[in-house]
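Before anything else, here is the set of structures, which you'll find just below.
Below, chain A partners chain B and then partners chain C, in two separate complexes.
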Partner chain A sequence: MTAFGLLRTPDRRRPLTGAARRVARLPGAVQIATGIVVVLLLAALFAPWLRPMDTVTVDLGARLTPPSWSAPMGTDTVGRDLFTLVLHGLRVSLLVSAAAAVVAALLGGAIGGLAGAVGGKVDAIVMRIVDVFAAQNHFLFGLLLVVLTRPLFGSVVAVTLSVAVTHWVSTARIVRSEILSLRSRPFVLASINAGASRLHVARRHLLPHVVQALALTFVLLVPHAIFHESGYSFLGLGMPPTRASLGNLVADSQRSLLLGGWWATLFPGGVLFVFCAAVGTIGAWGRDRLDPRSRSELEL
Partner chain B sequence: MWRMIGVRLLSLPAIMLAVALLTFALMWASPYDPAATYVAALTGQDGASQEVRDAYAAAWGLDASGPQQFWAWLTNVTRGDLGISREVPGVPVTRVLLDRLPATVLLLGASTVIVLVLSLVLGVLAARFRGSPIDTGVRMLSYVGTFAPSFWLALLAVYFFAIWGGWLPAGGTGDVRTETGIELRYLILPATTLAISQLGWFTLFVRDTLLDRMRDDHVRFAEAQGASRTGALIRSALPNALLPYVTLAGAHLPELIGGAILIESIFGWPGLGNLARRAAVSVDVPLLLAIVLGGAVLTVLGNLLADIGYRLLDPRTRRSPA
Partner chain C sequence: MLRLDDVTVRFRAGRGWFDAVRGVDLEVPPGGTLGLVGESGSGKSTVAKAAAGFVPVTAGRVFLGDMELSAQRGRALRSARRRLQVVFQDPYASLNPRRSVGEIITQAASTTGRTRVESERRTHELLDRTGLGARAFHRYPHEFSGGQRQRIAIARALAADPEVIIADEPTSALDVSVQAAVLELLRELQEETGVSMLFISHNLAVVRAVAQRVAVMYLGRIVEIGPSDQVFSSPEHPYTRTLLDAVPEIGGRPGRTRLALGDDIPDPRFRPSGCSFHTRCPVGVRCDPERTVCSDEEPTLTLGDHMVACHFPLSVTSRSAVNGIE
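On to the complex of A and B.
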């Protein structure tokens, strides 16, 4: 055993077995964040069984009642149970945001990967396209896209597409620079010199790195996707009232708020905030793990 | 440097052209019939006759083919004519935009000042008292600012400060007859809630960069020579930390525009953000496109100014080519 071996903490060499041990090694904040994300995901997944939507009735006798045991988040201006609405709103918000983040990450990964791997003219053209999208204000440009594509695809797809189209650029840039730097690394050059095919290099050496980066950008994109979706829904341009997301609920709560019903605003937005903060914590931790030097990529 | 400025400024029209092309292509592909909607909105009934619709379409130039419409738009824009607004009937779009520009400039300006000043103060405080309750508090607040939706915070602020406390107005601009047209106390809530969306970020950035720079040799040397920790932090570490801060500010302050749409809508602020929402709701695409192009100009200029500032401030980049 060398001196360096002695310096290592024994804990470090324990083989990683089982998901439980992996979780136990995470920083406390990340553990809590993971717990929150899991609970909220389960709540959204099982919303129809936890609190069926058809139990929501307009009850004008129970207008704007504060939180109680039967209605943990109170009721709105027409006496509907907010807890049920929030669970189902969370479901819509998470579905649309996750879909948007997946599309953005895949789109960015494919375009950035193409630019980085092929290079030359393709790269130059892709980078000019990137310039066009990078010069836009995400929310404002996305709003224009929602307005334009809503008659074509309907609200749900329009919002998903608009968020994806405004957010793929950062992923494309990250993947492209990752591939460019990988292409000149000794282990890749050695592989090429040893006669490996392009496909082999791409699959064995480039893809594993890119997948990591892609997973991370997906996590970092989720809060952004949620902000955009809920923002458009808040403006009345996102989800239709029949598929109310948390953004719709916050928008609706303005009436309650004027009558003193703070709970109608606090809870839907609060759930949104807690989820985004938890995902953001996991994303920040992942980014530090993947690349300790880059600090300022918290947003995308 | 001049070359960089030239390239960036020249790329701006190309970028705007690309956005306009995309917009017109999507409008062309869309089954949405603007003329029918306008007629329905104007007459208050859905079943307006085909002749009325056609007349409106002809009047708006909507009966032309997609490429023709784009060409007409383009030639008009080069003459500084953005068309007649549909959202604000009968008034030229340029006039509508100019009318609303001052309110938005005021709001964005106030928010920018709040973000820059508070993030520096809080970031320096957190870095100086690292690990103390001050640091923890600043970091917690930054987290809330970064991950809480701005429209939610704005509504909660309205409830707390306006409805429950009654200290500040819930919206509007006050007596329009005052000299600025906007009383200062009407600005406080919109500007602050808008600023919070970017503040967390900037604060954490200042804190983290400062802590990094504190490990630099010249900062430790200054401390070894007897400079106080605060003195070393501000005089030796802060200037270097400010370099990336300039880039960050240029890249991220234009993002306030997006938040302004939500915040202006909540507070009934008579600016471009509110106008963008109205244009979106009533599908006034030319008006919305004009605002989007304005946003692109601001974003590109912000990045350009940041790069220029960086080069001026950092002697290492001054002599590098391009």
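On to the complex of A and C.
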């Protein structure tokens, strides 16, 4: 081949299209993180088919067996298959934390949006209430809420609610400041100047920008919510023992660890850690992309 | 057309207040252009914002034709605003990055009561007229350069069929090479549509090129206003003269007397007594201790076509006196 031909370096790979090309352009860490999240989500989604849950059978003959082909993550102190438990635990943890993140994002979005859009006294009062919530210790306040609401709604709803109620604050602040900065941006002024109604401005200019910020706070909230759910379960205040969650499993495994069963701690804890780290990586990347400072250069 | 009547705009600064604009009277002639010049912080942009209703007028009134714009509220304000369009300084900030050029201009066009089809036809006309071409319709602002974006902003302003356009430093964010083209476009469009224009700039050469009348602002007040050829060739106010003298010239006469400013513009929260300019003035009390009137009394604008607010306007103070001070 001539030097000229070398310079042209023909690309023999099949050209990627649409979504695939967008993924290929992401940084490596984000690609890996996305892969991990997708695999774990699918695993949680298809858990009942992959490994049907059997909470009743106790096989005392197979107590604390190390990982093997039939039980890839070993068994716990009462002989239950850990792989099954982790899959179902992940399912419960994800469900609760995603629900909590959705509720927190919607609540925070609505309250922050109200404060930012109305402004004035409403803004001042709402944001002082936000300050009151922000001043509480997340975990202790949430714990109190779980204890108070569990008898009324059951564990799943109680944990979801407590995480949501303690975490909408940051979303509200982000959405409010986003709307405040948008309202004074020239393109919004220009649209008002061209006769746009409040509704038009809210729908065409504010909402599209706010939705992006909301999506990001949602992603950042999920690992946080998982940690809280696991924390409550670890303390015995979250999911009931009959319902495996990642926090439950880590809590239960304390005894196994003393008996030499390292796998009972490692696998649920590892899955918890890897999932949160992966979502956190995606969230951090998204936050950098949305960094308000990189946009402020464009302002007047 | 557009008339500001004794307009004052007061802003909050910490615990206190200050006047960003103070008792300004301006009139933009029908079909003509009024230039507004001054340093940063002189209140030029605040005048624009007050005229467009983006900041409330503390005192005084803004008229658009016979209608008092500053008294309109709600629905009436919305329909009145269409008649006065703004071209903003930074075309990177004044176009929503998430809306296509077609959407942006069509929305402005539809405020005049056009149907959707008519608005889109108008948009295509304007895209064609501003040299952007029909292909721009479905593209997004980030696909365009600064000069092209400013053309989009101008097309949007014209789409609403305004009677007045306020151009707030429309070329200062652009490369010099495209400034002239954008100015030329504005001038042609003004000729074709008969729209009046309030043209704000700190660039004297630009104002001279586009404006028939020019007003000079200092610390929120008009210090000189008149036909632009007169103001530029024989400035009356020492501030105007220093601004003109600060423009570097190629091939200027050597030895020509140039007046220079000391210091920066004072903080508007602590406005100097008497004439606001006396702390920097090259002919007033700072240079001639006998002229105590400068720091005691605030001068008012003289009457006539070429008005000036100065106790010692330059045509009265003889040239030798100016030279003597230096």
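We take it that the second predicted complex is superposed on the first by the 272 of 300 C-alpha atoms of A that agree within 3 Å, B and C clash if a C-alpha of one lies under 4 Å from a C-alpha of the other, contacts with A are read in each partner's own complex, and residues count from 1 in each chain.
Keep in mind that, in the parts below, a contact is a pair of C-beta atoms (placed from the backbone, for glycine too) under 8 Å apart; a residue touches a chain by one contact, two chains touch by 3 or more.
Bear in mind that the values here come from a model prediction, so they are computed numbers and not experimental data.
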Superposed partners chain B and chain C on chain A - clash or fit: fit
Partner chain(s) touched by A:192 [first = chain B, second = chain C, both, neither]: second
Which of chain B and chain C A:289 touches, first, second, both or neither: neither
Touching partner for A:131 - first (chain B), second (chain C), both, neither: first
Touching partner for A:223 - first (chain B), second (chain C), both, neither: first
Chain A residues touched by each partner, larger count belonging to chain B or chain C: B
Least C-alpha distance (whole Å) that remains between chain C and chain B when both complexes are overlaid: 7
Touching both chain C and chain B, counted on chain A across the two superposed complexes: 298-299
Complex contacts: residues of chain A adjacent to chain B: 131-132, 135-141, 143-149, 151-152, 223, 226-227, 230-231, 234-237, 247, 250, 253-254, 257-258, 260, 262, 265-266, 269-270, 272-273, 276-277, 280, 295-296, 298-299
Interface residues, chain C side, partner chain A - complex: 52, 54, 78-79, 81-82, 84-86, 88-90, 92-96, 98-99, 107-108, 111, 153, 156, 159-160
Interfacial residue positions of chain A with respect to chain C in the complex: 185-197, 200, 204-205, 208-209, 298-300
Partner chain A, residues of chain B touching it in the complex: 11-12, 14-15, 18-19, 23, 26-27, 29-32, 143-144, 146-149, 151-152, 155-156, 158-159, 163-164, 201, 204-205, 208-209, 212, 244, 248, 252, 254-255, 257-259, 261-262, 265-266, 276-277, 280-281, 283, 285, 288-289, 291-292, 295-296, 298-300
